[in-house]
Each structure stands twice: as structure tokens, then as C-alpha cells.
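Below are structures written as C-alpha cells.
Note that subunit A is present in both complexes that follow, paired respectively with subunit B and with subunit C.
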Partner chain A sequence: MNIIWVLAGNTIRSMLRKKDFYVFFILLLLLLFLLWSETFFGIQDIVRYIKDMGYFFSCFFSVIIAIVFSARQVPDEIADKTIYPLIAKPVSRAHLLLGRYTGSLLASSLAFTLFYILYTGVVILKAGSLDPVVAVQAWIFGICSLGIVCAVSMFLSLCLTLSAAVTMSFLLYFFIMWFSTTIRKMIISAEGIKIFFTNALYYIMPHYEFFDLRVRIAHSWEAVPVSIFTAAVMYAVIYSSMILYFCHLRLKKKIL
Partner chain B sequence: MMKMFSESLTNKLCIVLGTGLVLILASRVDNYHYDALSRKGFFQKDFLYRSLGEARRLFSQYSFMTADIYLHGGFYPDDYDIVHKGTSPMHEQNGAGHEKHEHIEGHEVFGHHEHEHDEDAEGAGPAGGRKVEEVAGIPKWNILPYIGDALHISRHIHLHGEEEKEVLPWLYYAVRLDPHNVTAYSIGGYWLGRRLGKVDEAIKLLAEGIRNNPYAMDLYYDIGRLYFFEKKDTARALIFFKKALRLLESGEYDRFDKNKVYLALSACYKNTDEPAKAAGYRAKVRLAPEPGEK
Partner chain C sequence: MNESILSASGMFYTYHSSGKKISALNGIDLSVRKGDIFGFIGPNGAGKTTTIKLLLGILTPQKGKIDILAGDPSDTGTRRKIGYMPEIANYYRYLTPAELLAMYGNIFGLNKKLLKQKIKELLLLVGLGKETNRLMGTFSKGMMQKVSFAQALINDPELLILDEPTSGLDPLARINMRDVIKDLAGRGKTVFFSSHELSEIEMICDDVAIIKEGKILESGKLKDIIENKGTAMTLEQYFLNIMREPTEC
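Let's look at the complex of A and B:
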């Protein structure tokens, strides 16, 4: 376990050394300032679009960090040949994978947390309040979503080249965010053999959209029921674990 | 090689995001320039208009649609159609909401109908108002679609009172992105002038719409309405209604469009003590279509 934390710690330190996080933080700050300062037809105190856009950008910037960061963990190790001393005993390939995954997840979650603190601060200052239960749920869901993003990106980086893995991870993310509702509607209205195929597709694809609470935050809807919230978190844990298991199988077979 | 690529990827990403920021800032400066120095209208001056080309129409429609989504508390009516087997929230009552819709003058676009909202629709319930057990008829054992639907907001509500101002940013961007989006001007004028009490801002917006769309009959009618009902300025209202009538007579409009202008003119002439003209326009109003009329 210590080995995993040491590897994770290295990954987090490397994120802090890189400029990505600082660039996104400043960019988010500027965007929130722009959204704050905007007035429409002389009317002030319009807040929903700030809640909406601010949450979107906080998640989006975190996802960029998660994808770019997690996708290059293993390929970088292989390219730099630093993987050879690492996988000498007692660090197994599974340890390496878990360490790098944990590091990527913690690094992107740290970035998301800081973005989210900035975002909630701006929203509270502008709107006066934010439902604390929904805010906490959105934060936890954000981290769950990053867990899946990191696992999928890492898996793709073991199957494809780095550039292809990053591109595919982004495409997959946006495809699911945009079309998952359509696929769910297809399941609801499917008949005959289509039920099997639509359900199979729905179970295979990673459900990033489960963790997008933008509408609930922006339009002040009630919090997600505890049973559904727990089920969604469990889904994130199980799905990420499964993808990591496939990563392990892939890395085990990989000739280094 | 890969390290070089990843670094160059980061650099490229920074460049793309930086460019995006510069574009946003440039649009802000340009907008300030418009607000402070120019009265020629967005059409001539606006940075977004100049930079996006024809794609602006797509973004304008997206903004307009987002305004509709905001009006319905983040819920897109199309989802409702699927879940509730083809019923439309715009036109039918439903078990969850019992909404009554009072349509004004035949308009069915989102800004032009008023909704009376039953408090039952606000009844707290998980999953956007529905009980978890009733999620779109998906059985509980089909766990993932079930979770997906339970997390999805699908209650049909409408913003009320002060909250209605939340639709304005998207209407603002809809007209900025496409100065020929007459519907967005018309609906923006409606929300500003008749729902939020910002009559001067509404008149300014509609006047800008007329500058960019001089043959849009609806905009003349809308601005005339604001002068007549909100400003109580019959003389000015009459000018705009007459202009609307001229456009009406020179184009192809249905009887609903004609009726509303005739009624408006009739009301104006009634105010100016010209009963003959008022009666004349009143007589032109037809409820039923004539034989062969579409």
C-alpha cells in the first residue's frame, strides 16, 4: 500500500510542477469575473447562467487535466524507460498502475476541488446562497466522474498511442455527455431485439453524465435522493475498478 | 518523443484557451464600444457577428433554445414528450403538473404564452418531482437506465416573477449572434417590457430589431403594443401599428396576424375619438377562415 501512495505522491508533485493547473485556474478566475461583470438589458443579479457556465467550466477544466495527465502516465514511463527500475521487485505492474491511477485521480480531484471552491465562492457572493447538500453532492459526483475519466484514459493509453488515447478520451467524454440522454430514450422506447442492443451499449459505456449536476445547481432543484446518490457513487467505484482490472490485464501482457 | 508530444499538447491547449479568452475579452471591449460610442446597432458593429460568420445563426438558435430550457427550470420539453408518451408540455395538461396555459393572441413560442402553475407541480419528490418508483416505466432491476432517469430532471415547471429575468442572458446572446433573429427580438421585448417591467429597455431592443429587420411586421406590432399598453402613448403606438399594417398589406400573412393589427388599430382610433375608423378596423377582424383560405 505504501508503494502505491509513494507513486501517487510523485504524480501529484509532477502536476504541481506543470503549468496546466495554474493556467486553468487563472482562466477560470477570468471567466467567472467576466460572467460576474456582465449585465443584460440593465438588469443585474442574474445568477443562473453564472451557476451553469461556472460549473461547466470547473468540470471541463478538471476533465482536461484528468485526461491529459492520466493518459500520459504509463506511456511516459515506458518512453523514458523509468518503468524498468520501477517494476523490479517489490513494485509490481499492478502497484505501478494503481499508484499512477491514484496519483492522477488525486491530482485532478485536487484541481477540481480548488476550481470548485473558487466557483462556489463566486456563486455565493453573487447569488447569496447555494444549497449545501446539492453543492456537496456535486463535488463528490465531480470526483466520481474524474475517477472514471482517469481510468478510461489510462486504459486507452495502454491500447493506443498517446495522441490517439487523448483524442479518443475527449471524444468519448463529449459523445456521452451529449448523446447519453438520447440513448436512454432509445432504451425506453426500444422493442424486440433492439432492447438487448441498446441496453448492452448503455451498460458498456461510461456514464459521465450521471455525475453532471449542473441543472440541479443552476436551477436550484432539490438534492439527489440518498439511494440514487449512493447507487451512482457505487457505479463509479465499480466501473473504475473494472476498467483498472482491464488495464492490469493489458499491462501484464504488454512486452516491455 | 511522447514527452515532447505531451508538452506540445499542453502548450497547444494553452494557446487555444488563451485565444478563447482573447476572443471573449475582445467581444467585451467591442460591446463596450457599442454601448458607449455607437448607436448604429449590433448588425454593423458587433464583434461576434463579424467573427462567427454564418455559424452565428446556429449559436443564436442554441441560445434561444437555452432560454426556453431556462424558462422550464433546466428541463427541455422534448424529454417530456418521450417520457410522457407524446404529450407536449406546451399544449396539454398532465398528471404531474396540471398546468393551465393561457395562450395570448395565438403565439405558441415560449415567450408568448402565460402559464398558471398549480402548486401540486412543486410537490417535493426525488428525481425531479417524480417518485423514484415511477421513473419512466423502467424496472428497478435495469439499474443503470433506472439511475440515469432518476438523476435526470424531467419535471415541467415555469419560472415566475423575479426569476423570469434568468432567461434574458440567452435572449441577449440570441440577438447579438443573429441580428436577423426576429423571434428572439420579439420575445426579448415581451419579457423585458411586459413581464419584467423594463419598458424602455424593451423599446430599445425592439427598435434595434427594426433597424436590423426593417420588414419585420411583428416587431412594429410589438413596439406599438408597448407604447399603447405600457407607455399609454396612443399617438406613437398608432405610428407603429400603421407601419405594421402597411407591411401586412404588402406581404403574405395569415388572418391571426391581420386580426391582431386590426384590433390594435381599432383600439388606438377608439382612444383618439375616431369611432368610424375604429369600427372599420374592428369589422375587418375575421374569426373563421374564408373558403379556400389556408
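Let's look at the complex of A and C:
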């Protein structure tokens, strides 16, 4: 366990020493400042707009960090040959994978948390309040979603080239976020053999949309019921663990 | 006679690349005694690095057996007692050497207070005492090589495996490294030294093995090997002679 934390700490340090995180933080700050200005695009319901767009960008920037970071972990380690002195020590490939995954998840969660604090601060300043239960649920869901994003991009990085893995991870994320309703409709209207394929596709794909509370926050709807909230968190844990297991099988067979 | 700390018998390894089979090792036998400095020499592509990867458990032999420090190299417990300096010294450029050594020290679960002291000592030993807090992204090849040597010693290993350790080092640093290696051997540590630098091998090694095309051509006491043909010659002369002879199929 200690080894996993050491490797995770190293991953977080690499995020803090590289520029990406700071660039996104400043970008979000600028965006929120622009949204905060009441005359921006002449929109009347600016509070709802800030809630909607601010949350979207907090998640979006964290997902970029999560994908780019987690997809780079193992391929960079192999390409830079830093993997050899590491696995020549009492570090198994499973340690390496879990350490790098934990690090990527913690680093992107840390970025998301900072973005989220900035976002809630602006929303509270402008709207006066934000339902604390929904706010906490949205934060936890954001981290759950990042857990799946990191696992999926790490898996893709072990199967494809780095650039292909990053591109595929982005495509998958946005495809699911935007077309999940369409896919659900396809399943309902499917007939014959199509039922099997559409169902298989539905259950295999990572359901990022489960964790999107944008509409609920923007329209100040009530919190997600506890049972559904717990089920969604469990889904994130089980799905990420399954993908990590596939990553382990893949890395175990890789000739270094 | 010292006990054997590393023994490998009948090691075979073949790489598969684009449907082609590339035979890297063809039944290698090795034996290294405790406290010895063992030189492992051979031309490029002879199988030196593959042998080292097998000894470290990075690769698994397709045939043959390896016994290292009375254990299996794939066992993390065995690797706790090994120090490894890779051929290409490339480390995390966003870390300082002190942070890198602290990270590796933490992997071994070393005590924090002792680790801090150890890092200071090691960086002084390799001549990087003044560069402790400088990011490694700004280091030259030679400086990286020194960091690489320091990290190999972080766990006070019983067996030190060095792959081309002197490449990129200036003459002073080479002498320093040679002295450290001799000192380690004097303290009962075993050193497995793979190199192209035949003069280095000749200066510090007790035993050598010469590898060519995945086969060990000669193995034994350095002195016995270079004197076995009646006329004493340098290791370089002997190596050139043996390399020019056709390999048995």
C-alpha cells in the first residue's frame, strides 16, 4: 500500500510542477469573471447561466486534466525508460498501475476541487445561495466521473498509441455525454439481433451521464435521492475496478 | 571459495517482432560469487541488457532457471536486496535528485530520518552535493548518470547490477565510481558490471563472462582467461580475437 501512495504522490507532484493545471485554473477564473458580468451577451437569467456554464467548465477542464494525465502515465514511463529502475525495485506491475491510477485520480480530483471551490464561490456571490446537499453531491459525482475517466484512458493507453488513446478517451466522453439519450432510444426501438448489440453497447460503455448534475444545479432542483446517489457511486467504483483489472491483465503481458 | 549469489542456467529468450523471431539468449549459464566484481562484456546486441532484464525479473526466461540471492527475481522480496543502474539514465525531469532518492527510499520503506541522511551522503558520494535541489530537467547526461548511480545504492544493496555505468562520465567521475565500486566489493557487496569499456572491466573485475550472439563464449577468472593461451595479452586484445572467431551454431 505504501508503494502505491509513493507513486501516487509522485504523480501529483508532476501535475503541480507542470503548467497545464495553472493554465486551466486561470482560464476558469477568466470565464467565471466574464460570466459574472451581468451585461455579458445581454443574458437576463445570468445566475442560471453561471451555474450551468461554470459547472460545465469545472468538469470539462478536470476531464481534460484527467484524460491527458492518466493516458500519459504508463506510456511515458515506458518511452522515457523510467520504468526500468522502478520495476527493478520491489514494485510490481500492479503496484505501478494502481499507484499511477491513484495519482491521476487524486491529481484530477484536486484540480476539480479547486475549480469547484472557485465555481461555488462565484455562484454564492452572485446568487446568494447554493443548495449544500446538491453542491456536495455534484462534487462527489464529479470525482466518481473522473475515476472512470482515468481508468478508461489508462486502459486505452495500454492498447493504443498515446495520441490515439487521448483522442479516443475524449471522443468516448463527449459521445456518451451528448448521445446517451439517443442510445437509450435506440435500445427501446431495437428489434431482432439489434436488441443484443444495442444492449451490449449500453452496458459496456461508461455511463458518464449518470454523474452530470448540471441541470439539477442550474434549475435549483432538489438533491438526488440517497439510494440513487449510492447506486451511482457504487457503479463508478465497480466499473473503474473492472477497467483497472483489464489494465492489469494488459500490462502484465506487455514485454518491457 | 565464496558462495554463489547469482546463478543462472540454460536461459533462453526470444523476442517476437512483426512475425519474426529474434533469438536474444541461447542457453546462457552464469555464476557470480558473493563479494566479487563480475564483468559482463559483449558487443552491441549480444544479449547483455536482455540478460540483466531477466536477472531483475523484468522479463521471464522462456527456458532455464535463475537463482538470485536465494530467491526468484520476479519476487519483490528478492528485489529489495538488489540495486540497479540502467544503461539509459533517464529520470523524472520535474524532480530534484533529492526528491527522486526520497521517492525510491520510500518505496523501500526506509526510515525518514535515516533516509534524509542517506540522500545527503549519496549525493556527496557521486559528486552532486551542490545540486541537491536542482530540477533534473536541467542536468547533463553525466549528471544524470551520477543520479542513476546514487539511486542504485539507496537501499544499501547486496547485489549491484550496473549496465554501462561509466558511459557519459568525465574521467574524474569514472575514477570516483571505480573507487566506490571497489569499496563496495571490499565491504562484501557483489557487483555485476556490464560494459563496453574493456579497460574499466580489466581494472576492477575479478571474474568475467564474454557474451556473443546470446551465448557465453568465455567465463571465469579474468586473469586465467587472458593468460590461457600462453601469451599474456590485454582484455581488449583477447576480446577482439574471440569476437573475430566465427560462433558455433
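Worth pointing out:
One rule holds in what follows: the second predicted complex is superposed on the first by the 241 of 256 C-alpha atoms of A that agree within 3 Å, B and C clash if a C-alpha of one lies under 4 Å from a C-alpha of the other, contacts with A are read in each partner's own complex, and residues count from 1 in each chain.
As a working rule, contacts are C-beta pairs under 8 Å (C-beta built on N, C-alpha and C of every residue); 3 or more make two chains touch, one makes a residue touch a chain.
All values derive from a computational prediction rather than experimental measurement.
When both complexes are superposed on subunit A, subunit B and subunit C sit side by side without a clash. In the superposed pair of complexes, A:Arg72 makes contact with subunit B only, with no contact to subunit C. Once chain A of one complex is fitted onto chain A of the other, the partner contacts of A:Lys185 are limited to subunit B, with no touch recorded for subunit C.
In the superposed pair of complexes, A:Leu114 makes contact with neither subunit B nor subunit C.
Ranked by how many residues of subunit A each touches, subunit B and subunit C are led by B. By the document's definition of touching, neither partner reaches A:Leu160: not subunit B, not subunit C. Judged by the touch definition given at the top, the superposed model places A:Lys81 against subunit C, while subunit B stays out of reach.
When the shared chain is aligned, subunit B and subunit C each come close enough to touch A:Lys18. Of the two partner chains placed around the shared chain by superposition, neither subunit B nor subunit C is touched by A:Ala94. Aligning both complexes on chain A leaves subunit B and subunit C separated at their closest CA atoms by 11 Å. When both complexes are aligned on chain A by C-alpha atoms, subunit A residues 18, 80 touch subunit B in the first and subunit C in the second. Taken in their complex, subunit A has these residues touching subunit C: 2-3, 6, 9-10, 13-14, 17-18, 80-82, 84-85, 87-92, 255-256. Taken together, the subunit A residues at the contact with subunit B in this complex read 18-20, 23-24, 27, 30-31, 34, 38, 40-43, 45-49, 64, 68, 72, 75-76, 79-80, 162-163, 166, 180-181, 184-185, 187-189, 199, 202-203, 207, 209-210, 215-216, 218-219, 221-222, 224-225, 227-228, 231-232, 235. Within the complex, the subunit B residues that touch subunit A are 1-3, 5-6, 9-10, 13-14, 17, 21, 24-25, 28, 70, 73-75, 79, 82-83, 124, 126-128, 132, 136-138, 142-145, 147-153, 165-166, 168-170, 172, 188, 192, 196, 198, 201, 205. Residues of subunit C touching subunit A in their complex: 15, 53, 56-59, 76-77, 79-80, 82, 84-86, 88, 90-92, 94-95, 99, 103-104, 106-109, 148, 151-152, 155, 161.
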